[in-house]
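Only one structure is covered here, and it is reproduced in the block below.
Chain nomenclature is as follows: A, B and C, assigned in order of appearance, with residue numbering initiated at 1 for each chain independently.
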């Protein structure tokens, strides 16, 4: 068995891990990969024809959390660009990922063992960002729980929320892609992490030492990222969500209504749980329920 | 006849009316009704499938004025979320309006006598918001009349200006729905109210006691809301607008030009007033003139 | 030959040129012309049917740089409206340009000799804006080079970056019109000017007296504006861009790859330089290369 002392020690070390520059690089690499995947087959031609738009959209992904947090907390929107060094680093990574001879850097970063290391580092970085976000907001608005939570969330997964705008910079418009319509796993994980950090900071509910809480969330992030990469498990939250939807968001009542009242005027409600209907609200949505 | 003393007394009491929590609740209920109406038949399925997007879009409607005013005045965008209590209240109302068993709360709020009371309260609340907006801006920018006016306007009818964004959160994109293309009655009423409050605050033009001015605007708001609900009179401003358009915005000159110059190069101008043309500017617009 | 003393004197005078109100008027006129051109044949009917949207979209063009700089630097978004006088001036120009009897003001401003003078004044104004932007940002963020540069850029050509939003106000949605996808000449010129001003301010690289640098940029702006108006030379940067793209953004490597590796998996890359492909990234783009 692992020694508790040693474990706490390890946790403490993880808490104090220096991010700059290796974790920053990992973050930038993952962001570039995301942009290139989003561009699909057109990524190379696009980067050749529109280098500035390509650079800007990559920067928006890299610093998404910073931009959103700055906007939400009333700081200058360009706050993340204040540190010229980190902009230069991100630009260097962007350049290497898009314009390296024979695309060698990109291909290397897609090589599974390398990708696993980078992805794991990015998750450690993400956890740090959520934590920093909550702490930074707590300094400005000590009692505004909602703001603490939201800042943590957008710092952790800002790119998800800026996706629509980032695509617009590339001339692509996807109005139905708002993150909360189909929250991705990182968003859900950041929601949970942000709530835990807020509770840890503002209440006595969590009795574990702070370093352990932090370390637990790091492990949670890394574990599910690796599951996703290696085993293809993309969303372990779905069972909880279905339960939650059934209990809190109308599931049970809707069933009861169907059982009791028949399908009089509540026809459209009744059908909802049986089969998510594509046309009822005029758009295509992925089905949240496992059907 | 009513006693002037008593009337002024009443006006004074209206000025000091406490908003929290009943008027806040009325405001939230009206906002939820607006979101549900905007969702149409798909409101129930949407609320079941996308509870977070539904919540966020409702919050955007409820706190629209606060968000816009915060952005415009350089305060943190999340300022309205600073007060956790009012977020919780709005969330509770949202929950009751969307997920109550058998939709009973929603049906109750649609019941005419109830709706009239809530709508009237919401208008009182709106007037207070416009007034607070002008005053708040006046503290920050004492001499910037435009900013005072705009803050009052967006505080009074922020939801109208955020409508495009709020729909985007729900995955619906309506680029031609910008409020000023076809200003709704509340927008126009808020324009008038905001101008009056600015004049009352910064000039000596309005000699009536402040409480009377405030009370007058409250009555104006409530009266036209009730007219709209009960009598179906939706926009009493139209005659004034037509007059204003004719005198200031080219109406008379265009007619004169048509009379004098014939339809040489100004053909498209000439046709304009006779019949609002659907295709000339490439989109569909409602006709402002009564034709 | 021109006397160096007298030349420096002239440069100094240009540096200290008073902008208010004549250069402001020239700027407003050019902005109104831009809005009217963007509206095309529908400009007159639109201005009659939607005066408020027309006014707002014109104000967004006139104060675009101010809005963006305020947002980016964390100042109140309505900062440009603080000065009521300049809003009134812009409104007066807007009114004259859209609603003058027989459209006389608009026609006059399109008359070539008049237009040349106004356009030249606007370029002088633009240079001043870039310079002021860099200086203003330097006061707030002395060491954030990126922020200095971006502020100078958006102050110089803010309208380009707000174009999408400004059109949205008019109910027109053009998601592929983001400035950086096909940077216009003013954008490129402002990029160069902003870089030079930042270098001049923060480094010792530029040894020329400050007034000469400023004057040089003014001449550069005015010269190319007049070339564009009189000779139809729209973008003198293209040769440099092609060179830059070939050297830094993959051109040479892509050619080498084609020569060495054949068209195995890199087929889409190889085709790129020969012919900009319309469908590869799913949209229509103007070709940056001269083909």
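A few points about this structure:
By definition in this document, a contact is a pair of C-beta atoms (placed from the backbone, for glycine too) under 8 Å apart; a residue touches a chain by one contact, two chains touch by 3 or more.
By chain, with names taken from UniProt: A, B, C = EOG090X09U3.
Being a predicted model, the structure only gives us computed values, none of them experimental.
Mostly differing positions are employed by chain A (EOG090X09U3) and chain B (EOG090X09U3) in their mutual contact, as under half of the interface residue numbers are shared between these two copies. Note on chain B (EOG090X09U3) versus chain C (EOG090X09U3): their Cα superposition corresponds to a rotation of 120 degrees, in steps of 5.
Chain A (EOG090X09U3) and chain B (EOG090X09U3) have Cα centroids lying 35 Å from one another. Contacts with at least two other chains are made by residues 74, 173 of chain A (EOG090X09U3). On the side of chain B (EOG090X09U3), the complex with chain A (EOG090X09U3) involves touching residues 39-53, 56, 70, 74-79, 81-84, 87, 98-103, 168-173. Across the complex, chain B (EOG090X09U3) meets chain C (EOG090X09U3) through its residues 71-74, 140-141, 143-147, 150, 164, 173, 175-178, 180-181, 183, 245, 248-251, 253-254, 256-257, 261, 266, 268-269, 271-273, 276-277, 280-283, 285, 287-288.
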